[in-house]
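Letters are used for the chains, namely A, B, C and D, taken in the order the chains are written, and counting of residues starts over at 1 for each.
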Amino acid sequence: MIPVTQYEDGNIHANMVPRTEEEIESIVKRLKRIEGQVRGVQKMVEDNRYCIDILVQISAIQAALNKVGLNLLERHANHCVAKAIREGNGEESLRELMDVIKQFAK
Amino acid sequence: MIPVTQYEDGNIHANMVPRTEEEIESIVKRLKRIEGQVRGVQKMVEDNRYCIDILVQISAIQAALNKVGLNLLERHANHCVAKAIREGNGEESLRELMDVIKQFAK
Amino acid sequence: MIPVTQYEDGNIHANMVPRTEEEIESIVKRLKRIEGQVRGVQKMVEDNRYCIDILVQISAIQAALNKVGLNLLERHANHCVAKAIREGNGEESLRELMDVIKQFAK
Amino acid sequence: MIPVTQYEDGNIHANMVPRTEEEIESIVKRLKRIEGQVRGVQKMVEDNRYCIDILVQISAIQAALNKVGLNLLERHANHCVAKAIREGNGEESLRELMDVIKQFAK
């Protein structure tokens, strides 16, 4: 088990390379856009908009969400797993990575 | 081209079998939950929560969104495309269906 | 249930628009290439070739197989389902189509 | 760049933990079954068998291929990447792993 360090502002995972302000801003911006798209689909459903148009929107949301997920995964590998490898926690960190990848592959 | 009937409350597609109140409520409820999950991920990103935990959440959102999409697709086929077939617009409606399926398959 | 017509050369589904010689040739050619790729991967496994190189090959096979599947699906929709719609078997044919699409979506 | 060791029986990647006889046998057996399924689909196409039945077969092949791929990926992570981490080549090996995962995610 990888130890979790206690920080004043909450728990930060020992293998975590904290996100910079810029990183947080960029990811949150994309998630806010996705949130807006999901709200837009709710309105389309309520307005009895055509199913096909709604499905096109859902497909766009999935693509956007996939992209955010893939970016987070890559950033995690390049920063956090790489750090774990350098600090001797590589194998544990790799197992975690594989577990989450298997979940996406389902 | 399938004609679009003008309704007071907006455009309703000629092939559309309007959603019932129950259908709308059930879909919107699920979309609101998805919206809440997306907001939850934003908070996790801002709080520098561990990437793996965020990725697990994103994978759950994708599964939920997939399910809503598949349900809408099935309902569209069973109701709207079936109606179009009975009313002589089946081939046009089928083409639309295949186009949106190809978009999901990308 | 859609009736199945008995032909001398075997069963041909009543809704089936038979493939032309050119269509058969083109699909079989692609399947033979896929078969060769699968055999190639067997050899790579036996030769203890590097896992990453094997995985790249498997990913290429999946892409090729996806493409063949999508082509067959589209051809089926444009020819067989369209024919079923014109001949009054549209709804049954649509249900079959949706069932197979759900299987791919799993 | 990870060095490639020259073996009498061909190149074996330096990070590669060679497959055992049992492993090779088990993977090849599954690939032979997949090869047979692909040949079966060729015959179905030539015999003008119903598109839906062919698509069900293709979907089964994709599932089988996915399973082999995921097994190879896991085995690679657990054996070869883990070895690379212990021997100081972890970061390079991790980059390779992520590259192939991104290819599957396409």
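Details
Keep in mind that, in the parts below, a residue touches a chain if its C-beta (ideal position, glycine included) is under 8 Å from a C-beta of that chain, and two chains touch if they have at least 3 such contacts.
Each chain and its UniProt protein: A, B, C, D = Transcriptional regulator.
Note that the structure is predicted; figures quoted are calculated from it, not measured.
Chains that touch both subunit A (Transcriptional regulator) and subunit C (Transcriptional regulator): B, D. Two copies of one sequence, subunit A (Transcriptional regulator) and subunit D (Transcriptional regulator), touch each other mainly through matching residues, since over half of the numbers at the interface are common to both.
Remark: subunit A (Transcriptional regulator) and subunit D (Transcriptional regulator) have CA centroids separated by 27 Å (rounded to whole angstrom).
Centres computed as Cα averages put subunit B (Transcriptional regulator) at a distance of 34 Å from subunit D (Transcriptional regulator).
With centres taken as mean Cα positions, subunit D (Transcriptional regulator) sits 22 Å from subunit C (Transcriptional regulator).
Along subunit D (Transcriptional regulator), residues 66, 73, 97, 104 each make contact with two or more other chains. Contact topology of the protein chains: cyclic, one closed ring where each chain has exactly two touching partners.
Every pair of chains meeting the touch criterion is listed here: A-B, A-D, B-C, C-D. By the touch criterion given at the top, residues 9-10, 12-13, 15-16, 18-19, 24, 27-28, 31-32, 34-35, 38-39, 41-42, 45-52, 54-56, 58-59, 61-63, 65-66, 68-69, 72-73, 75-76, 80, 96-97, 99-100, 103-104, 106 of subunit B (Transcriptional regulator) touch subunit A (Transcriptional regulator) in their complex.
Remark: subunit C (Transcriptional regulator) residues 66, 70, 73-74, 77-78, 81-82, 85-86, 90-91, 94, 97-98, 101-102, 104-105 touch subunit B (Transcriptional regulator) in the complex.
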